[in-house]
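There are two complexes below, and they share chain A, which is joined by chain B in the first and by chain C in the second.
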Partner chain A sequence: MLSVLNGLNSLTLASLEVGHHFYWQLGNLKVHGQVFLTSWFVIGLLVVASLLATRNIQRIPSGIQNFMEYALEFIRDLAKNQLGEKDYRPWVPFIGTLFLFIFVSNWSGALIPWKLLRLPEGELAAPTNDINTTVALALLTSLAYFYAGFSKRGLGYFKKYIEPTPILLPIAILEDFTKPLSLSFRLFGNILADELVVAVLVLLVPLFVPLPVMALGLFTSAIQALVFATLAAAYIHEAMEGHGGEEHEDHSH
Partner chain B sequence: MDPLVSAASVIAAALAIGLAAIGPGIGQGNAAGQAVEGIARQPEAEGKIRGTLLLTLAFMESLTIYGLVIALVLLFANPFA
Partner chain C sequence: MFDFDATLPLMAVQFLLLAVLLNAIFYKPLTKVLDDRDNYIRTNEAQARERLSKAEMLAKQYEEQLANARRQSQNLIAIAQDDARKIGATKIAEAQKEAQAQREQAQSEIDRQKQEAMQRLEEQVDSLSRQILEKLLGPELVNR
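Moving on to the complex of A and B:
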């Protein structure tokens, strides 16, 4: 099946390779080189943008400083909506990093013509279309909400497993596994699906027709970055507050 | 790859994505309908309703995406091949 798809693709600009990687051997580890390259590119882009924005801070922001302040305000509002006025501040860096990294990764996969660069094997694409990246991000989220729960409530954090009734204990434990699973699969599936749909359309009609689908892809990848960040914030909030919803009402607006 | 396994995998992939699209389709239709109703009743709340709707649509869509992930695994990284 795979060979047929790739054989057809060798004629066109956008080749489509799922499960082919550009392997690097680091000691005993075999890593996916193309993901590293694009991740470093994304990280570099973010670092350069931050440095440029903070290099010459003006009282009245303009240009890139204005833009980055807008991004910061957006992230702060997102965190504030989920975590509440009282304790959102320490989590802004984490949630902001998640959002910005995922957002820039997703868009870089769609906007930057990676296909012009040839690798010996595999191809450059958004780093988030590799399941390893998304699983790493999701596990970081898990660690973050465990840490949030422990630091806020100490050992009382474990009470949430038996809170309404101990009968639900297995489901409560299962939840800790399904959270990172669903987070990672959602992001991975969405980004991979976007790129696959675009690649298949490019295969059928190489010019102009894929453009609306690419625009839709940009939209969904932005939404997915937002969803990932929102869910991470919601999980952290849930770990800090328990399942009680009475305080949730206050900061839903 | 064994032709029987390939045939079964292709059918399973088609079923995975097709069946997984039913539920979220119904759910998204419901949510969009209710949102439109809400906007018609209260046009000033449109921004808030649209934001919430987009977020919830993404959640529902992720159910189909799980089916898609299964389909992609069957097609490109088949564990039985």
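Moving on to the complex of A and C:
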């Protein structure tokens, strides 16, 4: 598929590049410059919005403060639903930043015509359409839930591997690998596929026809951010509560 | 498409820094605002509820007082009406008695005057009849 797309590149208006990167050399490390450029834009947007919202805090919110409070309440509800009233507060920054970063990244990729800014090599796009970003976020989520489990239950955390029955031990261990894998590939795949579909449609029919797909892309982008944050919260909750019995015990009081 | 390189750890570090930064400039201050507002609303609501119950109690008290006052006033009116009726009755009775007395007095006066008149008339009857006789028969005959 990629070769076909690359073949089309040379003779059409819109171009489509996958696997071409704008490399920066740091010492003897290579990094994808375009990912960092857009992620800095996203980070800058979040920081500016936060600063504007908290610059002049009122009891009766208005404007940007109101909007950011709405965002914060959304994130708090998300964390509260997954982690429960008692434990959710310390995890709000992590889960909230996951959601905000992914959401703003996805939407910046869908809404801002990055491709108009020419780079020497590769092209600007949402940071989340680079596998490095999504794997980084997914691995952080894994670390977060390990940390949550250990800090909450100490070495008793390992009991969850043999808890219902030791027979499931391989599957329980496998789970720790599939979780970050599925998280990262779901996000990466969705965002990349969305951008590819839009790009291909733009290649074929430049005007208007891609619009519904772009709208759908906005929708899936938002859903993917929500899914990533919700799953991260759910994994953290699972690590803190363990399977089965304890959970019911905890919910009963 | 799947080339992993230093982007991954750097992105992770960058993300953690972002989380820490946003915690300082976004989550903490706004969470504090939300909690403060919740507290403010909760205390205000409690105060308002307290005041409402107080006001309701006061209203009930006033209503009771009002009912009492109304009952008392009705009692007073009833008593006053009773008194007025009694006074009126005695006044009427007195007036009737007085009228009766006056009538009787007038009656007796009339009777007395009638008596007097009759007496005087009778006295005059004698002299008049004598005069008539004298006129008819002549004084010599009469005074014989």
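Keep this in mind: the second predicted complex is superposed on the first by the 233 of 253 C-alpha atoms of A that agree within 3 Å, B and C clash if a C-alpha of one lies under 4 Å from a C-alpha of the other, contacts with A are read in each partner's own complex, and residues count from 1 in each chain.
Going forward, a residue touches a chain if its C-beta (ideal position, glycine included) is under 8 Å from a C-beta of that chain, and two chains touch if they have at least 3 such contacts.
This structure is a prediction, so every number in the text was calculated from the model and none was measured.
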Side-by-side fit of chain B and chain C on chain A, or clash: fit
Chain B versus chain C as contact partner of A:193, first or second or both or neither: first
Touched partner set for A:182, first chain B, second chain C, both or neither: first
C-alpha centroid angle, chain C to chain B via chain A, nearest 10°: 100
First, second, both or neither for A:223, with chain B first and chain C second: first
Broader residue contact with chain A after superposition on the shared chain, chain B or chain C: C
Which of chain B and chain C A:51 touches, first, second, both or neither: second
A:201 touches, of chain B and chain C: first, second, both or neither? neither
Lowest inter-chain C-alpha distance for chain C and chain B in the superposed arrangement, angstrom: 6
Shared chain A surface residues [contacts with chain B and with chain C]: 2, 18-19, 192
Interface residues, chain A side, partner chain C - complex: 2, 18-19, 21, 26, 29-32, 35-36, 39, 43, 46-47, 50-51, 53-54, 57, 59, 61, 65, 68-69, 72-73, 76, 89, 92-94, 96-97, 100-101, 127, 130-133, 135-137, 139-140, 192
Chain A-facing residues of chain B, complex: 6, 10, 54-55, 58-59, 61-62, 65-66, 68-69, 72, 75-77
Chain A contact footprint on chain C (complex, rising order): 1-12, 14-16, 18-23, 25-27, 29-31, 33-34, 36-37, 40
Residues of chain A touching chain B in the complex: 1-2, 18-19, 182, 185-186, 188-190, 192-193, 196, 220, 223-224, 226-227, 230
